[in-house]
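Same chain, two partners: subunit A is paired with subunit B first, then with subunit C.
Our next item is the complex of A and B:
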């Protein structure tokens, strides 16, 4: 076992840089994670789904050099133990390399969030999740390099991994190929421990299976047999994973017991979850500025509280701030977005019913008319509503009761 | 004796090159066509399967470059002409087939342009470091993968990508390195 000696060769570093760059590229395809420490590691893991083929390709590329004909001949002559140790060593090297790359990306993401004035606590679960696809992709690369010690194994590893990951995702198999990048708000949610443990076990099984194929390839040196064993392993893993996925709940998150809010400002008062409160002052000030036309029209905003939406179908006595969680850091949010965030001043029961009611339709129509009125006011153009009608509509939205005649005789622009 | 040995080596090398060339062609055309046949772009979950085409096409093309060059550089001039003609014909047929499947749809054009771009970069990297050609192609393919549905990729000019790929391929076939 040669351990981690010579891990940072020129080839390794080039592969590391390419993988980390790819991972980083995915990270910055969005800005919704910036400022939220609870969400940042989750989004940082998003890149692993698409970068896994690169990890596998690089693993095969580097392992084919590591598993030199001399080393393979020596270990084969010494029995099963040295073969297992050689393959394990090759795999550990690749996992360490990939983890360094991903850890660097994770660190950059956390630093960017922290620099932005982050809120919330860093969860530990995403760090465990990150290890799963990395270990599986590395095992695929090592197995293919052991079967086919040629540069072609890199291409084969890319093909296999992306094909396997795709099948796993569309068949909802219990294999952790896609472990990050949730696009929903994580406020009021926590990582589900049982799912994490199940997926950890699944990743261990997948990794062990491919490493076993690699050991057999090194021992037998028969290309057709080894390739057949690899194909059978892929098929069986997808099959078992799909069956297991049908019998287990794949939910990554579960509701947490308590959601804490912090509030700021008045007319209206803005409340955000603690995890998303990094830019509370700026958001509150922007919403208050956007509410000026409503105040000028005579709407009483003093007693209005707008609360960040969280969970599913969570009714509460306050109005809901109509901003996505990713907009709460203020990045790329327009004045129009802040104005439209005012348009659900009460959490009416109609918003939470399964079948749409006529009242719900009128609530939405009223909100739409007010959105156009606010836009026109901001742009300095002629609005389709009078100020009095706008006030009546907003009061009706707040009372959860919009009369038909209030919305029927207005032509939306 | 040495002539016979050279001939044998050349024969073995040619067989290997032919095999690899055939596999490359089958994989590239199979990968290029399959998603169009199953429907594109896929709406399912994360990333459409077709969006991986540039990466896969570029990587396979880059990996097969050594064999590609060996195949196109036999010592016999007549054989060189025959192989050059066959390869050009097959490439043109494949390209024509792909252009037909695009059917004027911008997302398909973006995918094909991305694939040609990745393969072109693979060849350029191969001029400097042949072993890393696949990584260069994979990098470009990865950027394309993330950029689909965005204006920058949808506006990738297919004609420019085709010309760049064709010119690079011809130049590489004649002047490119044949060993690592």
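Our next item is the complex of A and C:
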């Protein structure tokens, strides 16, 4: 496309660096994605919520020259075609620029993940999701540049886009803008295709609406009408987001049809999804070491299995400890984490009640006492509990019934 | 190229309750009409109004014959920024593509040659002089072979040499076209225009040839005639 000529001017490179830096900054606010190729692109998209308004500002800044009334007049031709091509080329130019920046961030994320022994397949859905906020933000920036072709339209574009994203999120609408950055376990989950398609359609409608406003602005050169049209487009974004939200129920993921686990060890047994099993032997050995004080105290761990969670809403079968995503197989996991992962050995009903119950409080107290006991054992210091009391507490946790006297007469360290 | 006329009948333009143009009328066919007048006399507004009439209905301005397809109007505004990252050739090709020229490269090459930009074609617009930028704008106007040229002070802000080049280019492009150009510079009007329209405070003060302007005012030079026609206006 000839509109892409001159894409890499000094100003556009500066904008690209600012956008990619913001995107990258959000990426490294967490480390739980490192090592999991199935989750890395999802988290790499998290930065777009912050960075896409910046690309809206960059769009307004970089395209304002092309959309100035003088240049539009020079390039104006017969019919609506020239106006459409003027806007389309400005938008495509910015989308390409933003995609290059985000692709660089995605590549860095995948390389870092791969460097730390990544396992699993790379999903394609996050790459489609990434296009949505980028295309909408670029359309908003181009529309504002077409209405006000001045430097300050870029600031206005940033504020407007942040404002719109914020309204869309707090109104529970959904959310072609608020994509990526899931913090729940993705083990056993897959992207829900219907949600992806609905949000893609919503993003396309919003983008097309703002681009239409931009075409009308360069065509009609009528400031009040263009401004009104822009306000209508903003309303359209929220409306479309709300309608789309009603059809997706916010469910970006759904349980995978089939999840294959690979297990290792016994007392306890460790099971990780195949995609996340690259460090299974290492994790199994670490959990065996962490469980040793419990076994020495006489806790029966033969029937215990630690398994990666299937995600929210899934049943937690008794006899299995469901691990949070990256809880034991991510980077930066400490010996203490391995030990503490053993301390919810049953899926007690009290863990899932709306209002905390006294039993829940006692379950947590018992787990806390055992955590301190395990830490003391590992550190070789004198624990506050006897081994017998530790075994009793663990058995009570497994039975989901911790008596008051079992936790009340212990003086925690 | 067919005969394309611009007919302005009783054009009045008001912006925010201020009358910029009042009852302006003239007709131009296949000739060069110069618009002269002091700052704020409505020269640019007149050209913009004609340009807008090409794509937006305006009963006071008629361009071409209603029986024929919409005429192409090329408009070069006064003072414009250009994308500094593009080369001269890239920008002219971009303009040709935007205007849906069937042969983008060929039309751009032709326009670049017509605007005498061959030596600058691969220079970035951020690194060219004001005169070359102005000629790049002109080349972009020429890419779809417009029937009508509207040039708003095309030689203002450039050095004497560039002004001479620009005049040469306009003179070469004018035959067979209807051209309306505004200028403060008497030499431009004298060398390029068949007739001149003098505007004062948005109203037509004089319409006729350069010789007629001199004769009417009794001045020897066009500069003197223009000063005389606009006397008393600040």
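Following the convention adopted for this analysis, the second predicted complex is superposed on the first by the 321 of 413 C-alpha atoms of A that agree within 3 Å, B and C clash if a C-alpha of one lies under 4 Å from a C-alpha of the other, contacts with A are read in each partner's own complex, and residues count from 1 in each chain.
Simple rule for what comes next: a residue touches a chain if its C-beta (ideal position, glycine included) is under 8 Å from a C-beta of that chain, and two chains touch if they have at least 3 such contacts.
Here the structure is a predicted model, which means the values were calculated and not measured.
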| item | value |
| --- | --- |
| Which superposed partner A:125 touches (first subunit B, second subunit C, both, neither) | neither |
| Touched partner set for A:15, first subunit B, second subunit C, both or neither | first |
| First, second, both or neither for A:66, with subunit B first and subunit C second | second |
| Touching partner for A:360 - first (subunit B), second (subunit C), both, neither | neither |
| Touching partner for A:152 - first (subunit B), second (subunit C), both, neither | first |
| Contacts of A:81 with subunit B and subunit C, given as first, second, both or neither | second |
| Residues on subunit A lying within both footprints (that of subunit B and that of subunit C) | 11 |
| In the complex with subunit A, residue positions of subunit C that touch it | 48, 51-52, 55-56, 70, 72, 75-77, 79-87, 90-91, 93-95, 97-100, 104, 126, 137, 140-141, 144 |
| Subunit B partner contacts - residues on subunit A that touch it in the complex | 11, 14-15, 18, 21-22, 25-26, 29, 49-51, 53-54, 57-58, 61, 151-152, 154-155, 158-159, 162, 166, 169-170, 178 |
| Subunit A residues touching subunit C - in the complex, by the definition given at the top | 2-3, 5-12, 65-66, 68-71, 73-78, 81-82, 85-86, 89, 219-221 |
| Touch list for subunit B against partner subunit A, complex | 20, 27, 44-47, 49, 52, 55-56, 59-60, 63, 131-132, 134-135, 138-139, 142-143, 145-146 |
